[in-house]
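Report on the structure given below.
Labels run A, B, C and D following the written order; every chain starts at residue 1.
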Amino acid sequence: MPLPIIGVMGPGDQAAAPTIEQSYQLGYLIGQRGWVVLSGGRNVGVMEAVSRGAKDANGLVVGILPDGDRSRLSPFVDIAIVTDLGNARNNINVLSSDIVVALEGGMGTLSEVALALKSGKPVLLLNWSDAARTWLVSASPLITIVSTPEEAVTQVAHILDSTF
Amino acid sequence: MPLPIIGVMGPGDQAAAPTIEQSYQLGYLIGQRGWVVLSGGRNVGVMEAVSRGAKDANGLVVGILPDGDRSRLSPFVDIAIVTDLGNARNNINVLSSDIVVALEGGMGTLSEVALALKSGKPVLLLNWSDAARTWLVSASPLITIVSTPEEAVTQVAHILDSTF
Amino acid sequence: MPLPIIGVMGPGDQAAAPTIEQSYQLGYLIGQRGWVVLSGGRNVGVMEAVSRGAKDANGLVVGILPDGDRSRLSPFVDIAIVTDLGNARNNINVLSSDIVVALEGGMGTLSEVALALKSGKPVLLLNWSDAARTWLVSASPLITIVSTPEEAVTQVAHILDSTF
Amino acid sequence: MPLPIIGVMGPGDQAAAPTIEQSYQLGYLIGQRGWVVLSGGRNVGVMEAVSRGAKDANGLVVGILPDGDRSRLSPFVDIAIVTDLGNARNNINVLSSDIVVALEGGMGTLSEVALALKSGKPVLLLNWSDAARTWLVSASPLITIVSTPEEAVTQVAHILDSTF
């Protein structure tokens, strides 16, 4: 049986300090539960923070790199998947995840939310602006709004329980 | 010199009649100008209508199929690119286009808008809901709102002139 | 109806002068017949030569770039498909071609031959070494050995006639 | 630090009994050493056997599926990467592997060997026919011929030692 994979998506270079802090906590809580954390694999922003958090909880971390080698890999990734697909790898991020947790970021993160919903994946939005989440919630029943990493993980557990 | 390519994105199976009509007109006007029309290549919705319009104006039509063969190809496509990439082909749609015109659709179309903006492509939004376009316009300076196919083509000409 | 697409694959930077000359002739003859030439799109080696040949015969040229932009595009390409997929775009090259003509090159070309055969595409080998073609012919009934660009184009016509 | 990943490539449906047995042993020996086994992820042929072997040795198994869901996933895979890329995922298999071990198979396996060599990855050929390996060895210095799973794992250890 494959392990449950929780994809965490969010900004890279542009991530603000509170977003980094939440990502770290999210990674820690996911790792503690024994679920695999999946991120975009690079050594910046949400990708780095969620990986670091999961490692601190002895979790297993998968990084799906857009690059053709490991030169920008986060040191907290255990399993590096090297795709060389650029942004086309965003679709792999969401297809490989049982559930996607997205922190508001730029257009890369939005593309992941859209691709996840297109493929019928449950999506948790953590700390998105009102304008963004109001529209997205109206567009898809697969979205759940959460306010904290703890609430995200509670919802993940609930969805995993009802799916498997 | 490569030909200018105008990507037209929008709903497939779920396209409403006015959207189909606008897509046809858009294809016709793009074909008339001598620009290449690029779509997702399938024989439904906006993909089919924009291709049909362009052919009626003797335009050249490129279809970027998500499938591994041509079984669902629109008969109005001249150049069929068979990707077998599923939704990952959405990134090819936008990277290959000089400008993207998007009619409001589902999550596939939203992913294309997001991926286009992520890669710095100009995006024209044609007939999107207020909620959607308000948020997107606030998120990126690369977006222009247009109300008709004629206005879209005028904007495309303006952007092409200032770019080349 | 989509136009017939003939994919021509072969070495980039490492192409020898006779290979370049044959690629040019192949492109010219394909263009003359009114078929579309498809190549890897870059401005070197077989990609450049086959595109130049096809343009000199007023043919239509499609280039499937591995890159994320057009900075290395051959100036003889009409339709530039920007994939940003690296070598994963090799699979698109062969899936989009009705027939693949391969000039012996390096491992990129070999991967295209293998992917073409895997997907059931007819493959013409032009000027491969004895060791390579003996083994490949024994491995697949889809391969035809040809000795000149003229012979390649005669075979292409024969295969297109029997397929369509 | 990412874990060392050993990619094992070979036939799916067409795998002969001795190939299955060797794949199982290879998976077992790789798992015993604490390296990650990477395969194409499906529940047939070499993909299934190498995964089963690695699990029997308490190894960690990554499967890179060509499909858009897990319906054909081997039950012995721990981390399922769902690509929906068809054969384009072959490039991810090799880019993500530190070393590729290939058992002679069909054209899919040959494409993986070619893509691995194109990207500079060390490739071990296990039980390929004379004609195939003679030609491949002459074409690339990155190839090592091995005769048994034990010899393959000894070579892997040697290459990992000299690389890291």
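One rule holds for everything that comes next: a residue touches a chain if its C-beta (ideal position, glycine included) is under 8 Å from a C-beta of that chain, and two chains touch if they have at least 3 such contacts.
Since this is a predicted model, take the numbers as computed values, not measurements.
Visitor: Select, from B-D and A-B, the pair of chains that is joined by more C-beta pairs in contact.
Guide: A-B
Visitor: From the centre of subunit C, which chain's CA centre is farthest?
Guide: Looking at centroid distances, A is the chain farthest away.
Visitor: Let me have the rounded angstrom distance from the C-alpha centre of subunit A over to the C-alpha centre of subunit B, please.
Guide: Chain centres of subunit A and subunit B, defined by C-alpha means, are spaced 29 Å apart.
Visitor: Starting from the mean Cα coordinates of subunit B and subunit D, work out the distance between those two points in Å.
Guide: 40
Visitor: Which positions in subunit B are in touch with at least two other chains?
Guide: 68, 84-88, 91-92, 119
Visitor: Quick one: label the inter-chain contact graph as line, ring, star, complete or other.
Guide: Its topology is that of a complete graph.
Visitor: Can you list the subunit C residues touching subunit D in their complex?
Guide: For subunit C paired with subunit D, touching residues are 85-92, 106-108, 110-111, 114-115, 117-119, 129, 131-132, 134-135, 138-140.
Visitor: Which of the residues in subunit B end up touching subunit D in this complex?
Guide: 68, 84-88
Visitor: Can you list the residues on subunit C that touch subunit B in the complex?
Guide: Result: residues 1-3, 5, 36, 60, 62-64, 68-70, 73, 75, 77-85, 91-92, 95-96, 119 of subunit C touch subunit B.
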